[in-house]
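Here's a structure for you.
By written order: A, B and C. Residues from 1 in each chain.
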Amino acid sequence: MKTETMHEKLSIVCFSGDYDKLLAAFTMATGAAATNRQVTMFFTFWGLNALKRKHGRSALGRTPLARLFNWLMGGLSNLPLSRLNFAGLSPRLMEGMMRKNNVATLQELMQAARELGVRMVACEMAMHILELERGDLMDGVEDIVGVATFLNESRDAHIIFI
Amino acid sequence: MKTETMHEKLSIVCFSGDYDKLLAAFTMATGAAATNRQVTMFFTFWGLNALKRKHGRSALGRTPLARLFNWLMGGLSNLPLSRLNFAGLSPRLMEGMMRKNNVATLQELMQAARELGVRMVACEMAMHILELERGDLMDGVEDIVGVATFLNESRDAHIIFI
Amino acid sequence: MKTETMHEKLSIVCFSGDYDKLLAAFTMATGAAATNRQVTMFFTFWGLNALKRKHGRSALGRTPLARLFNWLMGGLSNLPLSRLNFAGLSPRLMEGMMRKNNVATLQELMQAARELGVRMVACEMAMHILELERGDLMDGVEDIVGVATFLNESRDAHIIFI
């Protein structure tokens, strides 16, 4: 039997920690949530940078290697642009262009996502590799889940990898 | 009730402006359209570079900031490779390899996409941030749409983010 | 008629040859296969690096241009990190962090994928552009297929582009 296929759910894998890609992820998430879609964002690897409680560089982790890596990765206020980054100058330029044209900035979009009920979860394996703990992440992160669980919950959803 | 789920539509979010990634996007778009799938390409951020009327660098936008940014971003003839770009040398090398092996180049694929009825639309928000206007884009761009509209139209489609 | 839409199949386009992105691809592939999903991985462009028989740099291809390009691209043991690569130092650091925290490395995940029956295929067009031949790829690659065939086989699957 053939039927029309409709997805009412949207799942986004936020792998990238680039400013512009996170902007795209949160724009899609809020756009879908505002039109009554159920949205889950699964943050992994570089994407976890957006969820760290400390927005600047911080040496999280137990071992020296993890502490170095987390420091290098930075946090929400160090997100690079995926191109033309110019050592962090461009995300600031782009934010300026967004404010000037009355477009919501990343932090405003993240706040809107929370208010619209977008579910944000962190990847268990990536947390483990980077030696991050629950307390290192900001409030609003609902859960730490494995990739198999996430994929299982998304069987009836669109899955977008960013 | 459980039924077999088939998607007859394909939606591609062209976020990246990399030569190789746009090549992948248009290869999938034409491949799907040639087998009777309905295809929509939604161009946003760097992806808009592929649609600018001027193929080289041009200072589009009203404010100095947007004009600088658009100049830096370039157009269809400045698209970088996502790796091993070597200041723009590699896209030319790759095009040489493609011609040599009788594979369609990006511009040929774009032309084929238009002829196969692939629908190309531009992201309203990205146009707004970059201060681009309808007239800055090449012919064949059918519409400027918001992300919520695009997602809504794609509820019964595959959504691929590139 | 409206029914609940479930995808039991997962198709992953492995376009990127970045160490961290391939890690994400194989983690999702094995996670889905372990929970009885039918998984196909379609390797194209840089992603083909993961499948080359020779893990180091090798000058594959008939023409000087292809030979240069394949040498520059490298193989499984030269995969860069998508950020903070530091000339190849970081993939080694990350592997160290993974071993330390008892997380499977990329090669272990690839082995697990094969054992779980994940189907790995190579993109016909990319093989053609890079002048690669069947014999240049490692055992376990089941087929060389065109993108239209892949998309057609994936009509009832999730499609994720990495």
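By our rule, contacts are C-beta pairs under 8 Å (C-beta built on N, C-alpha and C of every residue); 3 or more make two chains touch, one makes a residue touch a chain.
Fair warning: this is a prediction, and the values are worked out from it, not measured in the lab.
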Inset, instruction - To the nearest 5 degrees, please report the angle of the rotation taking chain A's Cα atoms onto chain B. - result: 120
Legend entry - Numbering shared by both copies at the chain C-chain A contact, with half separating same from different: different
Legend entry - Distance from the mean Cα position of chain C to that of chain A, given in whole angstrom: 24
Inset, instruction - Return the residues of chain C touching two or more other chains; collapse runs of consecutive numbers into ranges. - result: 3-7, 160-161
Inset, instruction - Spell out the part of chain C that touches chain B in their complex, as residue ranges. - result: 3-7, 13, 15-17, 44-46, 63, 65-66, 68-69, 72-73, 80, 125, 128-131, 146-148, 151-152, 154-156, 159-161
Legend entry - Residues on chain B engaged by chain C in the complex (per definition of touch): 1-8, 10, 20-21, 24, 27-28, 31-32, 34-35, 37, 82-84, 93-94, 96-98, 100-101, 103, 158, 160-162
